[in-house]
Amino acid sequence: MHIPDGFLSGPVWLGLDALSVPAVGYVARLAQRDFEENHVPLLGVMGAFVFAAQMINFPVGAGTSAHLVGGALLAVLLGPAAASVVMTAILVIQAFVFQDGGVLALGANVANMALAGVLAGYLPYHLLGGGRLRKPAIFLGGALSVLASAALALAELSASRVAIPKGMLALSAGLFAINAVAEGAITVAVVSGIEALSPRLAPRRRAARDWAPGMLAATAMLLATVGALFASATPDAIENLTRPGGSAADWFERAAGVVIVFAACVLIARAFSRRRAA
Amino acid sequence: MEPLIEVRGLRFRYEDGTPALEGVDFRLLPGETVALLGANGSGKTTFVHHLNGLLTGEGFLSVCGLQVEKKNLPEIRRKIGLVFQDSDEQLFMPSVLEDVAFGPLNLGLTPEQAEAEAKKALAEVGMEHAAARAPYHLSAGEKKRVALAGILAMRPAILVLDEPTTFLDPPAQRDLANLLRRLPQAKIVVTHHIGFARALASRAVFFEKGRIVREGGVDEIAREFGWNPEFSPRVPADGRRED
Amino acid sequence: MHHVVLESWSRQNSALHARDPRVKIVLLAAYLAALGTAARMPALTTLCYAAPLAAAAGMARLPARALLLRTAVVLPFSATFAAFSMMAGDAGRGEALLAKSYLSAAAVLVVTATTPLPKLLWGFEALGFPRFLILVVQFLYRYLFVISGQAQHMRLAARCRGSASGRLGFRRAAGAIAVLFARSYARAEGIHDAMLARGAAGQIRLLAGARAGGRDFAFLAFGIAVIAAVRIWSL
């Protein structure tokens, strides 16, 4: 979901721009280590490929069709850093050339789709992509990337006091769920297709790794995004939104709760991995 | 006369073991134009990709007196210019001028010098009016001319053209042939188009399964291997076929 | 395709086209920030924000109707949320959503319609944005229409072979994307070879960019003044 300009409140778009700019700079430096400047054309072409692939309809029943978003696919094919750079490039082109998504809102859209979406798409593959669970891992990555981006977008809209009726929220959640499943399925199908067509280009199988700490981090991420989604969907949220003065404090409360849950998971994961290493 | 290109016993296998070149001997003398003929997959493109070091095989290979090895590649790539079959892969910069200037910039010229060389090269191929345009909007013939300009801007001694008439209509093919004839560099032209080869090349070689199996005049080779474009029987003007 | 239109618009001549891309980027950022921080957008305020855009479009001799239509792509999304706001009793917010999203898109379009994308990208790089990312955007744009064209041909071919609505089955659509990927990857390898053949050795060197002149600084100052005036007035 590309958020246009004018929807997000000042603190939200400013904050996300301030977060995304250094994050993208960091990720670009990481990608540059794996792909030196001579390989920039490959990343550009991969971006054009995803852009074009987004045009292809995938029937998902009842006469509706879904489209590839591509964050998880790129993460599996190119690694997470390069995938984030390519997704950012896609979002930049969409905002400037096609007026799809705002320019000040780029910080938010990049954070949702190019950073969180790609990371959520990559983590399951990183953890489970080496063994028998490879296909389910890729599927999970596709689904989580859509869920994470959608949840964050909804959270940002609700934090900006954009009114969303409860029924609409439920409908969006349903649509996002369908798109998430579709993204997972499409990503798996395309990776399998690539492996069948040109095995040389297929992504390397990752070595099986110690999955416990990473698993906890992934759970943390899932909890955080689901938490954000629930935070914006609870009935009080809508009432609070229309009450002047109360909503900001309530939102901070909820956001704090989500952050605490996330931090707790990360700390537990750290403790767990330290114990294993010992 | 010292040959510009000297190849002896060139062999190459792909990563998966498929043999591509099985001992190729070849020479290019100054000022001459040689046509490379042969079936698809016979090794013509693989061969020319060895000349500027894109691929590395075994055997003796020297270009303008330099062995084709890593340390000589920058100099060799200045002396031998390759025009690729797919112009969209060759014109990768956002504007015509920037693309033609790409080579000169890599040779170490300043941006101002590179721009000047690029404009000169574009004038040589008659495309100076298109300097600010995006390559996507050019016709196939225009793209080919810009690609050639990008090579000429580096002032090479040898031009190599890989199937240059692909996607060109007959007038564009004629224009390209006339343009090439005006250029003084020695040339290698990989082509299926006998008429085009005949217009440019004094000599032809025929590739078959990774080897050069015959050398001679263009027409002579075309006749021997059935490479001429005449199909028989012809359909007579009244449309009736002799069955 | 509509990109052709943007390409031809951006390569025309006018006082606005000739301005330094960095100036245009800074003014765009200032305008969007002023618009973004405005609380409400009653009709008069909307007109005040629209006026500088209209003036710029006129100065650049951009076709008004085409510009307005192209910007309208944001409306379906905004109108939906505007309706929600009105249902929740906050018509002012709905009005603001519509006006801000439309004006922002129009402002971005005025800049991209008067600055060829390579120059715009140079402007961003000169202002300090990461070069690696900008190069990826540049190459993405260069091959966007080539590869989209291939995808369209594949859809057309599928239709010719009888899929009634033009839609492939799920598996075949995935197969089509896999084929598109393989062709794109092969193309990327070809580009890499072409770069090596012309002496590329690591860093992609670019031609010199524009030099800002007196007119550019004057335009910058004037633009900031206008934007500040509109912003302060709308408080």
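Labels for the chains are A, B and C, by order of writing; each one numbers its residues from 1.
Keep in mind that, in the parts below, contacts are C-beta pairs under 8 Å (C-beta built on N, C-alpha and C of every residue); 3 or more make two chains touch, one makes a residue touch a chain.
Just so it is clear, the structure is predicted and the values come from calculations on it, not from any experiment.
Using the mean of the Cα atoms as each chain's centre, the chain most removed from subunit C is B.
Chain C has the Cα centre that lies closest to the mean of all protein Cα atoms in view.
Chains A-C form the pair joined by the most contacting C-beta pairs.
Chain centres here are Cα means. That of subunit A falls 23 Å from that of subunit C.
Rounded to a whole number, the gap between the C-alpha centres of subunit B and subunit C is 38 angstrom. Between the CA-based centres of subunit A and subunit B the separation comes to 46 Å, rounded to the whole angstrom.
Under the contact definition stated at the top, the residues of subunit C that touch 2 or more other chains are 117, 138-139, 141-143, 146, 187, 191, 195-196, 200.
Multi-chain contact residues of subunit B (touching two or more other chains) are listed as 92. Annotation for subunit A: residues 41 touch two or more other chains. Contacts from subunit C toward subunit B in the complex involve residues 4, 7, 11, 116-118, 138-139, 141-143, 145-146, 187, 190-191, 193-201, 205-208. Partner subunit C is touched in their complex by these residues of subunit A: 4-7, 10, 13, 24-25, 28-29, 31-32, 36-49, 51-53, 55-60, 65, 68, 77, 85-86, 88-90, 92-93, 95-100, 102-104, 161-165, 168, 185-186, 189-190, 192-194, 196-198, 201, 238, 241-242. Against subunit A, the residues of subunit C that register as touching in their complex are 3, 6, 28, 32-33, 35-37, 70-71, 73-74, 77-78, 81, 84-85, 87-90, 93, 96-97, 99-101, 103-105, 108-109, 112, 117, 120, 130, 132-133, 135-144, 146-148, 150-152, 154-155, 166-171, 173-182, 184-185, 187-188, 191-192, 195-196, 200, 202-204.
Contacts from subunit B toward subunit C in the complex involve residues 49, 52-54, 74, 77-78, 81-82, 84, 86, 88-90, 92-95, 97-98, 101-103, 105-107, 111-112, 114-115, 132-137, 150-151, 154.
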